[in-house]
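For reference, the structure I am asking about is given below.
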Amino acid sequence: MIKAGIVGVTGYIGEELARILVQHPEVEIKAITSKSYAGQSYSNIYSNFSGLFDAACEEENLEKMAKELDIIFLALPHGLASKKLSKDILDKVKVIDLGADYRLCCKETYEQWYQTDHCSPDLLEQAVYGLSELKREDIKNAQLIANPGCYTTCSILSLYPLLKEDLMCKNSIIIDAKSGVSGAGRSLNVSTHYTECNESFKAYKIASHRHTPEIEQELSIAAGEDISLIFTPHLIPMNRGILATSYATLNENLSYNDILGVYNKYYADEYFVRIAKEGVYPETRWVKGSNFFDIGFTIDERTGRIIVIGCIDNLVKGAAGQAVQNMNIMFALDEKLGLSQVPIFPA
Amino acid sequence: MIKAGIVGVTGYIGEELARILVQHPEVEIKAITSKSYAGQSYSNIYSNFSGLFDAACEEENLEKMAKELDIIFLALPHGLASKKLSKDILDKVKVIDLGADYRLCCKETYEQWYQTDHCSPDLLEQAVYGLSELKREDIKNAQLIANPGCYTTCSILSLYPLLKEDLMCKNSIIIDAKSGVSGAGRSLNVSTHYTECNESFKAYKIASHRHTPEIEQELSIAAGEDISLIFTPHLIPMNRGILATSYATLNENLSYNDILGVYNKYYADEYFVRIAKEGVYPETRWVKGSNFFDIGFTIDERTGRIIVIGCIDNLVKGAAGQAVQNMNIMFALDEKLGLSQVPIFPA
Amino acid sequence: MIKAGIVGVTGYIGEELARILVQHPEVEIKAITSKSYAGQSYSNIYSNFSGLFDAACEEENLEKMAKELDIIFLALPHGLASKKLSKDILDKVKVIDLGADYRLCCKETYEQWYQTDHCSPDLLEQAVYGLSELKREDIKNAQLIANPGCYTTCSILSLYPLLKEDLMCKNSIIIDAKSGVSGAGRSLNVSTHYTECNESFKAYKIASHRHTPEIEQELSIAAGEDISLIFTPHLIPMNRGILATSYATLNENLSYNDILGVYNKYYADEYFVRIAKEGVYPETRWVKGSNFFDIGFTIDERTGRIIVIGCIDNLVKGAAGQAVQNMNIMFALDEKLGLSQVPIFPA
Amino acid sequence: MIKAGIVGVTGYIGEELARILVQHPEVEIKAITSKSYAGQSYSNIYSNFSGLFDAACEEENLEKMAKELDIIFLALPHGLASKKLSKDILDKVKVIDLGADYRLCCKETYEQWYQTDHCSPDLLEQAVYGLSELKREDIKNAQLIANPGCYTTCSILSLYPLLKEDLMCKNSIIIDAKSGVSGAGRSLNVSTHYTECNESFKAYKIASHRHTPEIEQELSIAAGEDISLIFTPHLIPMNRGILATSYATLNENLSYNDILGVYNKYYADEYFVRIAKEGVYPETRWVKGSNFFDIGFTIDERTGRIIVIGCIDNLVKGAAGQAVQNMNIMFALDEKLGLSQVPIFPA
């Protein structure tokens, strides 16, 4: 059994990790930590765990955890992981960071977008960007995984094959993304107060959201050159789910089947990627509670553009599920272990 | 492997059954039938099943199914099962009926409340009312299970121990129940059109809901005498979950701990029943996607009444989950098999 | 024009007051105050007011307001009004307090349920309980109105005529009430964080909610003797609306028409009370955005009880709308002025 | 008083028209018609109107209505108005058609996108496209108004000034639009069944929505040349509101203030257009229940594109409200009459 610890277990990502790991046949959760709830029983905070997982939240002690555990999941606000992690800890334990601190290769880009110092830039090179389908080989031997953001997972998986195969005008990309409110986390804020976001819809952080450089970084690698794109997030009045509508101008006269062939080349063998039939488009309800990334697309011949629709559950494939998928890869387990639930509907 | 069939697989209860059974380690779904969707692939109807379960819906043929299967689940509108079932079929196959046709012992009561003839009253005696926690011994050897209704499961489990132990005034019971919209099924109706029920709340079928005689029947058995009660259902603008607030006058001066002792006597060993700590009350979110029945209560000393709060996921413990729990009992499997998921939150 | 001020204009009740008064043909809002937002333009806080009402929030100065205004609306958390008000202020200006401080006649009851001192008990006798339909004559000459709570308005209007006419067993009353989330206000709290209450339903403050003594006080006056009842509030995942399902044992063998006659006696001439036809029950959607109280009822002959359904918009008839109705009465205006909007649906 | 009739009064647009007109000081609703509900009292269908408007729905008789009324509003599915209207009727009465039949100047375009014959192409030239802010002069003297679609109103108002002033690359336009469910109307359909769209988000009619040619027609007129654009509608799980996120490449190096100047040129005097401050973006909640179009924008200097956010209430400015605005213009009334309500929040 893999001995796992979750740091920051009382946020929604930490809680989803706990939910998945409690049910994972090869994992034992040996430590959970919380700054705000130290000393409290977990099922007192999240009653869904009553009778199923009643461990107490502890104060965080990374050194102790590093010695006793096989893997540590960090589910922390950005800026904290880069302070806490060190080569010393990584010598002793595998770490999957679900925050943003090790996602951007370039320290300066991180500091510019996140407006904070990066405290362990020496670890950046070692970190593997954990988009499981695209970095599987690197993940196998990684000691530190930078688990991708929710919007970024959905956006990159939507466009990666097209850029890798050089099928579109690189600076024509527009990603119009929409997320349920759980993506904003559990911290109280007037913008996520029930009556402030229920029955309303808005765009936010227009042309300035922090997932932008992360998407650009990975798509630039795919394209082999620097890409600038527009990424516009919106808030949907619902709990879970991300849908990204991506637009780009196709390089040449490509047919639906040409594009389908390219997606199949990259995704046909990927269990967690489901390509919709022609004329069918993903909806967030069909992936809820699961690690699937669903994708569909069409070509608008009138304008020469492709429109790609991608969907994930932001807390699963967009966070905790992909982290577990990465853990499975790191420990040479079946990649689907603990992640094989049928999406729940209606829910 | 148990060979199972689902008749009426495209309603929400049928779909939840499919979801649970696809993931059940001892079951193979060998046949699914649908009147409206015969010939169509299941994942075309419910895309959450894409890549996971792609069987085609068939026309129903109960005789054939009876010969080839170990168990048939009927997820049909009331009135149909009583037409389709016969001793002949039941000689060959176990049946769990998730509709109302075999829940009421008395043919006349059924015909009065459901305003239709009962076409196989000879089977009524054979049918076991499948409230798993209360009828486990009978279920073990049953060939025909009448799976309880959603409201009734929640209501009966809330009050059964108190009546069985004769702790309350028998004609003082009021059950004020509230359900999410999935309880109304998938058939189109203006009252479940999105914009008609979203952002609104109402009571419906006041003093006339068909689950009333079912609750009264089972609580009368517990009490050893005929009980009349008030049952008022309400519609909550959300997908899943039932919460029942029950009121009754206590017979004598009983303390919280006296009552807790009684609930523990009946439920302490029941995996799927979770009794909340004093001062804590169940909420529907904590049971979502699971087979749990959560219960909490308080005594209002000012009025001498007990207030009991019970919660279930209407599609799981209120329908498909309890059906699978009953199947597990019937086939001498671990009662939790296929039903051990942690409730999903936020979802 | 009536010169009005709103103290606590940035809570939801203050904002609804502003919305109604901006549209009121006989009122000019001369001052708005806010502790948290002093100095900010109102339409910066609530963009629905952009271009319509752009006054700046001021620091509160009750003495100054008393001198310059005709009426002050206090929309404050409980405990503050009783500190701020004085005979001196009330000599100069009419006050409608939308909080709880002057609703209970008895200082001790207030201090027991609200767990705080009452700082101006000398004003209690002067305060008129502002349930417009029941206290119209007193309101006309009042200088200080204690505007009723949302749950209480709905509950009292549901049962008052039956108690006044001595038609039911006085200690048999159970009020099972349900409210949308706006009733909890705009203060941040984990229980009203979007993802914590969306898609869930719960009871709260069971047998202990502060509206209980207020309902009991007014219904006891109606009954002519002390009444104890059960009041159970629940939280509905929607923005606006209260529905109260009330149960009581009828004293004698009364018919539907007997009861209807009694309701008509009290409400037939009341513009803001709408009695549903037999077999029809109020739903919160039908009163949204309006000052109506809708009521319907049935008699359950099997148990000898009446079931009454009452509905209001908690921010309008349950707060700001009734306050304006009271103001209209106090200033001898048409009681409907500014309150004649058709309920908005679907919304 | 203007004598008005509403044909198709039981759909959501008809109902919103009734709500606005009941409150309009210069209008009397003299006739309402419904195919499905003829003979029924309106407040039996929509209980929000109880006590306020209890007329009976009639069978439609356009000739009779034309003789007796001053204006007829048609709120019908597409294809019906073109069958019912004639020069003869239009000689007698003003007509505002809220459907699609007279929006497209070109009969062939209509027949291609709507897949039905146009039965009165001779009336097309006479019809004025009723986007009030842009066609005010034509509307004044119109006898037949083609009231714009909801998505189109929001899209055209978002981009018209930029195209009119030739500020952007004409074939770079992408409109990613999102609508609440009331836009889909009241007809039953599995896609608008509560549990099918609640807690989910999807794109639909991708590259094929019928509002596309309507947007292109009006923006082509503004641009002075034919424009092809991408229009992608999405369904938001909420009742009301449309938000359109539009993207286009700016022609030259334009600053925020340059663009603001252009919007001000067209909209500064428009009561129903509210331009947000820099850094602020419209949200659907701020226009709910009102006739406002809110707009905000930013320039993404990294990609040379402008991002424009526009918001309306789809049933008001997107349908019934704009129809009443057009009626006010046609009858030389204050354009705001009956439309001056502050948007309702939270609702």
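As written, the chain order gives the labels A, B, C and D, with residue 1 at the start of each chain.
Please note the rule applied: contacts are C-beta pairs under 8 Å (C-beta built on N, C-alpha and C of every residue); 3 or more make two chains touch, one makes a residue touch a chain.
Computed from a predicted model, the values in this text were never measured in an experiment.
More contacting C-beta pairs link the chains of A-D than the other of the two pairs B-D and A-D. Among the other chains, the CA centroid farthest from that of subunit C is the one of A. Look at the contact of subunit B with subunit C and you find the same residues on each copy: over half of the numbers used there are shared.
If each chain is reduced to the centroid of its CA atoms, subunit C and subunit D end up 37 Å from each other.
Centroids of subunit A and subunit D (each the mean of its C-alpha atoms) stand 39 Å apart.
In whole angstrom, the spacing between the mean C-alpha positions of subunit B and subunit D is 46. Residue positions of subunit B with contacts to 2 or more other chains are 12, 182, 195-196, 198-199, 237-240, 282-283, 285, 288, 346-347.
Residues 171, 174, 176, 178, 180, 195-196, 198-204, 206-207, 228-230, 232, 234, 236-241, 243, 245, 247, 281-285, 288, 298, 300, 302-303, 305, 307, 309, 346-347 of subunit D touch subunit A in their complex. On the subunit B side of its complex with subunit D, the touching residues are 12, 181-182, 186, 188-190, 192-199, 237-239. For subunit B in complex with subunit A, the touching residues are 12, 15, 19, 22-23, 46-53, 182, 199, 239-240, 271, 274, 276, 280, 282-283, 285-290, 292, 294, 340-347.
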